Structures are given as C-alpha cells and as structure tokens.
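See the structures that follow.
Shared between the two complexes below is subunit A, which pairs with subunit B and subunit C, respectively.
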Partner chain A sequence: MEKQRVVITGLGAVSGIGFGIKDFTDGLRRGASAVSKITAFDTTGFSSKNGGQVHGFEPRKWIKRQSPGSLGRSSQFSVASARMAIEDADIDEGLLSSKLCGVSVGTTDGESQVIDQLTETWVKEGMSSLAPRLIRQVPAHNLSQSIAQEFRLKGGAITIPTACAAGNYAIGYAYDRISVGEVDFMLCGGADSLCRKTFAGFYRLGTIAPEVCQPFDRDRKGILTGEGAGILFLESLESALARGARIYAEILGYGINCDADHMVAPNRKSIANCIRNAHRNAGIESSEVDYISAHGTGTMANDVTESGAIKEVFGARLPPVSSIKSMLGHTMGAASALASIACAVAVKEGFIPPTINHVTTDPECVPDCVPNYARPADLRIVQNNAFAFGGNNCITVYGKLDRKGAAND
Partner chain B sequence: MTTAVITASARMCRESVPVRAGAGTGASSGDWFRPSDYLGPRGYRYQTSSTRYLLAAIKLALDQDPDSPGAYPESQRGVAMGTNFSDYDVREGFDRGILAPGGARNLSPLEAPNSSVNIPASTVSIKHGCKAFSLTLTNPMVAGLEAVLVAAQALATGRARWAAAGACEGTVPERLGGLLACDAGPGAAATLILESAQSAADRKARVLGTLGGCAARFWPEPLWEGGAESRAAIALEKELDRLALPARGSLALALPDHPSAVNRSLRDALTRSLAARGLHAAPVAGPADDGRYAAVSSLLQMQSLLDRSGPGLAAATSPYGHVVLVALHVSG
Partner chain C sequence: MIRRMENLAITGWGVTSSLGIGVEAFGRGLSGNLPGLRDVSGFAGAHPMPQACVIPDFDINTILGSKGTRTMDRTTGMAVATAGMVLKHRPLEGEAEQTRAGFVLGTTTGSIKSISDFTRETWVQDRPYLVNPALFPNTVMNCSAGQCAIWYKMKGVNATISGGLFSGLLAIQYASLIIRRGYADILVTGSVEEYCEQSAWAYYHTVPAGLRSRHPLGEGCAMFSLERAGAQLPPGRTRFAEILGCRVGLHFDPTEKDFRKNAKDASECIGAVLADAGVDPSEIFAVCRCQGESRSLNRLEDAAVALALEGRAPAHDFSVTELTGNTYSASGSMQLAALLALHARKREGRGRPSLVTAVGHDGTVGCLLIKAGGE
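Entry: the complex of A and B
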C-alpha cells in the first residue's frame, strides 16, 4: 500500500510566552522569555527558584464539554491546545467526531502536580483526607483521553510517556497512523505541568540553572523546568488539499532510537545515528536541512554532546541551530511538541526562532545558535531534535510543502 | 507490510511462578519473587520492583531461544512496554522526601531516573542492547496489548526486526486501586518476543504464533448505548472486518473479565458479532483474568492463546473506553 503524505494544518500552544499560535509565534519572533519565580510549588530550601511557569491560563475558555475542575493542569493544557489546533485548522468538530480522528500525547510527568498535592495531603493529614476527585486525575492517560472526550473522537487515544522526547514520539506515532491510512486525522503533541518532583530530581542531579537557561553558551548553568502543551492537527495531503486547508508544513518523516547505554547521560554516537535515521526515513540528505531546532537544554553535557553529533553528521556545512528552551524553559513532554510547532511556523512564515540569553558561544558547541534575535530565512527543510532520560531519542523532519511540487496557498 | 511472529513468551506473576534451574526455593505466597534467582547476585539495587519483574520475564523469554536477540544487530532490536503504575512509589517517595526535614537533600541522585515511567523499558534496552526504539505506553488496563500493537507496527514499517513487547507493574498503591475496574494486585510482568516473519524464517526460529490485524480505538460508555445498534457496536463490525478473521469455526478469545460497563459491552458485542460471522468464541483463561495486574493483565491472557492452535483474538478494555484488539494465529 502506498503511504500517504502527511501535513500539519492546525496548531495549538499553551506556553509561558503565549496562548494560541498567533501569540506563540509572536513570542518566538520577539525572543520572549517565560521565566519567572515559580509559584506552582514551594521552592523553599532550593537555591534555584525560577521556571517557565504559565501564568493567566483560564481553562474555561477552551474546555467546553468537561468540567475543567475534573481535569489536572496538564490535561487542561492538553485540551486547550487541542481546541486551539482544531480552530486553527478550521475544521468542523462534528466532522472529526464522525470520521476517525485519533489522539496521541507525549508527557514526562502526566499529572505530577496532582500527585504532589495528594502526597502533601497524605503526609500532613493522612490517607483518609485524600480527595477522590484528585485521585481520578492522577493517571497520565488523562492527557489524551480528555481530548478524545472533549471532541468525541473515536480513533484511539494514547499517551506516550517517553520523558523529554515524548512530544516527538507522539507526533511520529500520529504520522505513521495517517500515512498508512489507519485514521483520517490525528491530534498529537505533548503536555506537562510544573511539578516539585521533576524540579527536585533535576536539582539533585545538579542541572537546574540559578536564573536563566543559556543553551550553547560558554557559561551555561543548566535547565529551567517549564510547563505547557503543544498540539498539532495532522491529516493527509489529499485531505488537506480537498478541503482547501492552510498547510503549515509537511511531515517528511522521523527517526527514533535508544542509546541503550546510560539512563541519563546523552550519547553522541547514538544521537548522530538518530539524525541519520531521521534523514533516511524522510528521504533527504543532511545538506538539505536549513535549520535545526535543538534539544538544547542548557546543560553542559547535553549541549556539547548534541553539538558533537550535529557536527559529526553535517560536517563543514552546519545549518543554524537554536533552542527555544532558552525562552520557555524545559517543558518536558511538551518540549518537542512546542518545538515542532515552532518548526512549522518557521517554515511557513520564514524565520528562525532565536536562542536568547546568549552571551558567549561555547567553542565546543555549534557555532551559530541564532543568538538573541530571530532571523528571517527561507526554510525548505528543518529538523527537530528531542532526547530523553532512558536514552530515548526521536527526531522529526518537516518540509515546506512545495518542495515536491504540490501547490501551497 | 511485514508480518510479525511471536517466538517466545514468558511471565512473572505470583499465580504462575516459573521454575528455573538453579533457582532458590523461596517462592512461597509471601515471598514469591527473589530477583537473585533470575537476575544474578547484584546490579538491581536501584531498580524498582516492576523493572525487576520485567527483567526476569525477559530473561525467561530469552532462555527459550538462546539465539535471540543476538541474531539481530542492536540497531534492529526494539522494546515496547506498557505500564500504569511503575513509577508511583518513586514519585511519592520523592515528594515525601522533599516534605521531610532536610528537603531535597533526602533524594538520592541514583534513584532520580526511576521517577520517570519509561525507565523499565529503557532498562531492558540497556541490558539487552536494544537500540531501534524504546517505547512506553500507559493507557489503563490496555497498555500491554497496546505495546504489542505498537511493536508489531514498528516491525511492519521496518524500524526493527526484533522486539520485546510487554508490560510490567509494581504493587499498585492502595489509594490508587480505585482507578482500576477491580481490586489491585501485586506486581507482575509479561513479555512476548516478536520478530518479522521473514527474519524468523531465515533463522529457522520456532514460531509460537503469527500476529494478524490490530486496532486501538476509544469507545466510551455512551457509545455503547443501544446494544447491537450502538455506534460502538457498528464501529466494532468495521474493525473485525479489517482484522481479517477466519470465515467460520472456533476462535479463541482472550478478554479479561473485569466488571466495567465498557468491558461487558465489548464482550457482548464480540460474542454477538462473531456468532453472526459463523465463529464460535471460545474464551481462554489466564492466570489472573480479573484485571488485577492492570496493564499486564491483558497480556497474561493473550499468552494463554498461545497454548492452543488455531485463530485467536486478544482484546482489552479500560473502564474509560479504550479498546484494543489483536488478532493472531497459532499453528498446530
């Protein structure tokens, strides 16, 4: 069976730099920063207190068929982003419900903020004080299920908890399902909310920055945890053309692998292999890539290792490489989904999002991290890197649609 | 598309503690699992119980076929695992540590990775050199079958030629047991070794079963209203058509027997639909049919299909509406 080409026709984002694709794109262009003092949990006792918290989120604006209070914060982000993506795709909800639309959402922590809350209650007041309403919110499957319930979708709902690369995994899964004709549409991406557990875990690993995140900078000090969600609406090219949809970009393919080496240390050779897998799956040469959206966490280990892998594959012809984690913090399972959205608008609107907070480039890292200011660029093919604890790597490749001759609007 | 075959199957659960040569004799009801019997004397100190069960189940599966997975390069070996609760005790332990005097200093960096639910799958990847992919799935009750489905799809699309597909759980925390459709049980793990049919034939591997079509759908309770005329029942008909089941005869059916409305509805609809197709559904029993092992339960029951020859259908539901169907055929 011939595989169908898959395109992105709707985007939804909840982030610390804006809600919805217009505000998110504006934030990327401006090099906005989501960083503020964390209020989501008590940071007493930690020497670092900043994060990419989302402020001013009003779930009732986007969650219509479920009680927002019945959902944890990550699921609220997830449903809100899905509604934004559907509205952006300009497709009728009834059509989605009557045809086969699936959901795949990646996450690191699911509803960890709820677990934080339950554990605190348990410790301070005992198990009998635990609210059943909160217990029901705990499982991570709520992140995808809540979207399926909100829009009455029947094409399956799956949550993929492959940590910090999970958004790309969910997009890859969705791409496969549409390309083989198993479903008509997919809502896919990632979501996570700030939680004490992840903050503390990274803190104990010595990787939380004191103030800001500075990927590829000589003086970088680590990550800042963040939160948000990014959901993409996917359909076949044939479907998009038939309904006259606006097409942001085509998903050309993706690469996936596992370091099978170390639980937390990134592996240069394995990342290089994943990049090659992605290029092979997308049917492109490395020389065709115009921009790389980096995993770019701002830790010493990641940025040198990722840069080394990029240099190994791309050789002397290094494309610009930037990290939007400098703006958003590390939004965990949402990170690569939000970065994929950034790639899609970068291709569509012709600019490269910057790496902010940049002062001095680390000579061991990539030489051009698009420092501090967005850059106009005609992007034909871009790749989005994502790596995770457990050695889980997933790299997605996006292309401007007309590169293979199809008409664009 | 490449067909996937099952070349090994193993489990680690209290109801069917396997006997291993050289294993100790401590498998009483209160001490049914000793990791050293399966994993050697050291190396698992910082692993969660679910990871240990999983590694033991994988070890037993690989013992059945010593040439596997070494017959394939590491880049062609993948892992897909389902779990619902593997990380909960670690996550809560983190929170409790932070809330105690001393705060974050109570946390061990060596245990930090275990707070991520994908770690059991990645531990298998590290131990057995599986570099093609490492995937974790988490839908309630159905994640084990979903892992089989996703692994089979990965083989079909050429991302790997060998995969360990399975599920694992630690003890389900008492306060979360209500999220299941039954009483929560202790931990368990189960795994199937999948290979592309051509590759298995090339190396003359023993084939336990051949996977057919698969489907993952979301049919919550309201969609089942109306019985045979319900939207879910009608959608099920289309899926059964797609699965390419045999025209008539007996079909072994593995479906955990938990009391959720969705599960009852699917059972009724399957029985009705299969009968209308001239198929006699013959339910098979697993070691724990009531779903007490969460994501592992459906896989435990699917393994029972391998004990009898002929066509089979493994199905699983969540109380919320997730439905997974996996068809297979077991040669005599």
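Entry: the complex of A and C
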C-alpha cells in the first residue's frame, strides 16, 4: 500500500470564544459562549440580532507579507489561523516553502462581507461606483490562495465551497493528498464571516434563534449565525515522528456522499450511509467510536434527523454526542473545521466539549448531549459530522495515536 | 515531488457556450472560427459593454422543461444542461452506478447574480427579511453541484471547487484523487461561468479596456465524465481521451520584474507535467492556451509554453478565448473541450498528447496533459 498515516500537529483558530488553540480550548472546556449582538452588518428591521461574531480581531498581528487591507475578512481569518497553526506546529516557515506544502480551505459564503458591501453600493450609488479593490477580493479562491501567498507555498491551493460541510471536505482532501504522498504538509480547514445575506435567508426561513442556540433541546429555536476560521496543520506520521512534533490526533479517514434528494432538508438515510462510509474508510466499527461531534445546528429538522441517523447506525450503544455550535453559533464553512479542532484537542487532552444552553433533552434526539459542562473522558476514536445545503454530507474520523493496536498497524 | 496521478479516461463530454449548445455546435463554431459575440440587451440590468460572448437562446424552460426549474438560476441551468450531454455519452447503469457517481464542479463564487440579487432585496424591500426563501439555496456556491445530483440522482461524492481561471483544472485534480482513493467510480467534472450584470461590471472595473475589447466577457460550462482509464467500459461507449497529468500551483513570483525568469519559472509547471507523464515536447500535437487576464500575462504564457516545448511548434496552437470570450471559471474546461473537438476533427492527432495551459496574475500556473482516444 502507498498509504501514509496522517496526523494533526498544529492547530489555529479564530473564533468568538478565543484566538489561538489555547484560548479556544479553554473556551471549549468552560462552555464559553460567543453570542453577542451582531454589529458586523446593519441589523435594523430584524427582531433577532444575536450571532457568534468575532470581536477584537486584529489582522496585522498575523498577516505579515500581504497588506491586510487587500484581503476580505474571511481571507484574513484564514491567514491568521494558518499562522497560528504553523506556530503551534513549531515548524520553520522556510521549510514549508522549500518542501511541498499545500492548502485547502472550505467555505460557505467566501468573502460574503465584501459582496454585501458591493451590493449595498450597487443599491445606493449604482454599478458604475463599484470599487475595483473590493471586486478583486470577491473570488472565494482567495481564502486558500492568500495562505499560499503569505507563506510562499508551492504545493497548490484549493478552496472548496461546499457550504456547511466544507471544512470537513477540505480536511479530507488534505488527508488524501498527504496519504498518497503528493505533498509533505497541508494547511487545511475552513473560514467564513458573518453576512447580511445569510442572516436574512435563515431569518426568512424562520430558523434564526432569538437568543441562544440550543442543540438537542426540546425547546430549541434554531441557529445563530457565526464566523471564524479553523486551520489544521497536517503531515505524515513519519514526518511528525522524525521531527519530534507534538501529535494531537491521527486522521483515520472520512466519508462523503450526497442526498441527491432535496437542496435544504436533511436526509436521515443518506446521513446514516455517510456515517457507515466514514467508518468503513477509517477501518473502524461503530462500537469503537467514543464521541460524536455533531453537526447539531439547533434547528428542529437537523437535530432530530441527525439523531435518527446516529441511532440507526449505533443502535443501543450510543456514544456521547455534543454540538459546539451551542457555543460558537453556526460558523458555516468554518464550522466543521473548528469542530475538527475541538475533536483533536478533546482526544489529546481527554475531555468532551459540552452542549451549552441545554435545559430539557428532546426525547426524539440523542439522550446524552453532554449538557452544559465539559466532561473528562479518555477518547480513542471520535467522529465529526457535517451536513450542508445541496445534500453534501462529509464525516471525518480522528483517533488517538497510541490507541490500542495502532502502533502495530 | 508530486507523483504522477493515476490516469483517468474521459468517457463523455458536454459543452454549453456562446458557440452554441452541445458538442456539435461547439465543434462547428471552432472549425468555422465563428466568435460567439452578441448583443446583451436581453439580459436584466444595465450593462457596461453592449456585447459579450453569451449563449444564444439559452432558455432553461425550453431546454430542461418546466418541472423543477422554476427557481433555477442560469449557472445551475447551464450545469444541469451540460451534465445531461455528458450522461448521454456515458449513461449510468442503474442505482449501483448512481451511488458511486457524482459531480465535481468548478466555479469562482457560484452564481454571483443569485447572491447579489438576493442581498439587494434586503435593501430594497420594506423589511430586510422580505427575501424570497425559495431563492435562498441559489445563494450557496455548491447549489449547482447539488442540483445536478438531484436532477440525475447521483449520490456519490459531490464537490464544488473555487479557483478562478484554474477552477476547471483544480476540479480535475480533485476528481482524480477522489477516484484514485476509491471514494467514487465516475465523476462528472467541469466548470461553469454565467454572464450577468454583476460579472459584466466586475470585468469592466478590473480589466483594462484594451484587453476587454480583444477578449470580451464570455460564459459557458463544459463537463467531462472521468473514470479510471483501466476501468472496463460498457459496450458501445467511447473513450474520448485519457488525462495524463494535471498540475496547478504557485510557480513564479508576481513581484519579480525579470520577464525571462518568470517565464522560466512558469515553464517548469508545464515541463514537470510532461516529464511526469514521460512525454517528450516533440510529441505534443496541440496546445490550447488560456490567454485570459492581461497582455503581459498572455506574453508570459506564450513564453512559458515555448520554453517548455523547447521551441518546437505543435501542429495546432490556439486560444479558445478568441471565440468563446473570457469565460473565467469555465476557461480551463472550455480549453479541454476545444482540444476534444479538435481531436474529433483531426484524426491524425489520435493517440498523441495535447496541452491546456493557464497563467494567473498571482503567480499561479496550471497545466493539463491529455492523450486523445484512450483505447
């Protein structure tokens, strides 16, 4: 087999509960909430105004080689998280550009704030007043390309805009590239910023919660839109061992499929099939999964459908299932990347991030959503669910490196 | 080094462009050297340029019927129509194949018209939330790929790739790895770009006037069914070409002023693809160049190709942009479609390798190597 084992050795996060892996992990442990009144766009006329906005982000701290003003907010998040991941991996920047390091970044809305801004100019002043500087920021490939430019990476950059499953798509593709030996390293994950378009759309569908996001709660009222980025640094196990890197977790595999049924409604049978694909590709049995990081958006439809699919696959032996969207809101394309980071630190540090804002468990949902408080746990294998508009499902599986039997593979 | 990827076969293709709808119309447009430039007064909004290379008579209702198309936007209509052509060449055999078949679609932002029009409603309606919820799914970038899956009941890997000029080549790279890893057997892969008021103004504001007039804005979609070259094809099917290599990455420093150094650096991408596939520059039958973004980049692309081919002139050397206009995200797929059309006409090219190339302003270079007729 050509297959290389792939491990996570660096993590970077820009989130509403903290910047960098230390603050992000602390936030997960204490069940922090990113919720505040949205100021990223004008919320006049909307009766709900809460979201998981990132406050106090200073792009200049992390973006060195490019002018931060030349990048949209999502690309700024993306580059900042990549720099955090590189620093966390303790790898020399020169080595990254001399060897082959690739980039893959998932997103839902790309540079949505820039498109919001251009559209507002169109409405108020007309198309002839659009600023070329902003137009150049619009293409979604800037989210990955800006990382490649910042660190002069030659291993190729790709942006995967598969909506709310995009972070997992990008991590899966990065894992594949290292696994077959195409590249030495990958920076992968997801990024998105809060935007008026997506807020208005979900609001119109009646799926924006008025105050907080309560996944798996009987009285859940929907999502809160959020923003941020999560970037993971990946390399082969061989490379990590050779340079004495700290290893968070191993990527065991992932599953990917499409409902081919409805653009918006989740599909229980298809999600169950995706879970089975993920387990098969990772070479594990469902009984080995110690924790599920749920898609868990907090809508009526998602949480009951996702719970149903989990019950279908896992039967009577249900592992704990939690949703960090209760803390961050739905960070769209960044969501499954930030959740993958949560999985990696959960495995490394031995705890399960909680589902906060939980009052009464919905009997139609999973019975144990790790309500309100993080829980110590020795996690050997965990899975991270992500589902998207378009019926795009992608589930990643992570394992503790020294889990039983792994050393003899 | 990047290892040579497993060869894929192209077992079906489809194209929708200003040259017409379908591979025959496309082939006729290319051989007759008939540019698809026409008036855009029929499009919504006020346009900065009176003409563009737009698809003649592209009416979604006429082409796809009224069922399921009520809210379909132009980008998705083009993708669904083009995918239909591909699946005529390569029909899927029942549910077993449908479960292992999917889409990989390149686009830079999805339908920027759908996104921007929807956002506009939040400003012009009495209340910011009085948007049309039925149009919301059109504002996510993976809308077209998801709709294609629904339309053709294909439940395998479904991915959307954003890469500007390189969207088509990146989609092929992605599809290639997915097939190699065994996650899917058949991936209908390509890229799409829609002409609209928004993209026309973006082009007007960011592309210098001289280049705009020489390469007007275009639109289109081209897609290809990709599967393992070694896979057994059901009887009666054609293997149009084999993909021998594909590479996209940063190869030159855009701040570097030395043209010759940049050309040499850019040529290394093309040279590496040839070397990995074991193809000698003298074997190249045709080169289809992108010639997209600016005059200086076009010269750089020319110089890089010349260096990589060691000065040898292939039998056919052209840019499809001259005829289809600048189709941005669709360009790489248009170039590949143009090579397939050329090879269909020029039987002497059978079994010989041909190249697609592109050079971007940020230092990215892309190169795709195919061999016509895989049998």
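Please note the rule applied: the second predicted complex is superposed on the first by the 402 of 409 C-alpha atoms of A that agree within 3 Å, B and C clash if a C-alpha of one lies under 4 Å from a C-alpha of the other, contacts with A are read in each partner's own complex, and residues count from 1 in each chain.
Quick note on the criterion: a residue touches a chain if its C-beta (ideal position, glycine included) is under 8 Å from a C-beta of that chain, and two chains touch if they have at least 3 such contacts.
Keep in mind the model is a prediction, meaning the values are calculated, not measured.
J.: Looking at the superposed three-chain arrangement on subunit A, would you call subunit B and subunit C a clash or a fit?
T.: Once subunit A is superposed (C-alpha atoms), there is a clash between subunit B and subunit C.
J.: Between subunit B (first) and subunit C (second), which, if any, makes contact with A:T108: first, second, both or neither?
T.: A:T108: touches subunit B and subunit C.
J.: Scan A:G45 for contacts with subunit B and subunit C and give back first, second, both or neither.
T.: After superposition on chain A, A:G45 lies in contact with both partners, subunit B and subunit C.
J.: Between subunit B and subunit C, whom does A:G181 touch in the aligned arrangement: first, second, both, or neither?
T.: In the superposed model, A:G181 contacts subunit C only, not subunit B.
J.: Can A:V138 be said to touch subunit B (first), subunit C (second), both, or neither?
T.: Both partners, subunit B and subunit C.
J.: Could you tell me if A:A374 is touching subunit B, subunit C, both of them or neither one (first, second, both, neither)?
T.: neither
J.: A:T159 in the overlay: touching subunit B, subunit C, both, or neither? Say first, second, both or neither.
T.: A:T159: touches subunit B and subunit C.
J.: Identify the partner contact of A:M300: answer first if only subunit B is touched, second if only subunit C is, both if each is, neither if none is.
T.: Neither partner.
J.: Does any part of subunit A touch subunit B in one structure and subunit C in the other, and if so which residues?
T.: Residues 44-46, 108, 110, 115-116, 118-120, 122-124, 127, 130, 132, 135-136, 138-141, 145, 148-149, 153-163, 169, 173, 176, 180, 196-198, 200-201, 203-205, 256-264, 270, 388-392 of subunit A touch both subunit B and subunit C.
J.: Can you check the complex and tell me which residues of subunit B touch subunit A?
T.: 1, 74-75, 78-79, 84, 88, 91-92, 94-99, 103-104, 107-109, 112-113, 115-119, 121-123, 125-126, 128-140, 146, 150, 153, 157, 159, 174-176, 178-179, 215-220, 223, 231, 235, 318, 320-322
J.: Okay, in this complex, where on subunit C does subunit A touch?
T.: Checking each residue of subunit C against subunit A gives 1-3, 45-46, 48, 98, 102, 107-110, 112, 115-116, 118-124, 127-131, 133, 136-137, 139-143, 145-147, 149-150, 152-164, 166-167, 170, 173-174, 177-178, 180-181, 183, 197-198, 201-202, 205-206, 247-251, 362-364.
J.: Given the complex with subunit C, which residues does subunit A contribute to the contact?
T.: Checking each residue of subunit A against subunit C gives 42, 44-46, 100, 107-110, 115-116, 118-120, 122-124, 127-128, 130-132, 135-136, 138-141, 143, 145, 148-149, 152-163, 169, 173, 176-177, 179-183, 196-198, 200-201, 203-205, 256-264, 270, 281, 388-392.
J.: What part of subunit A is in contact with subunit B in the complex they form?
T.: 1, 44-46, 103, 108, 110, 112, 115-116, 118-120, 122-124, 127, 130, 132, 135-136, 138-141, 145, 148-149, 153-163, 169, 173, 176, 180, 196-198, 200-201, 203-206, 256-264, 270, 273, 388-392
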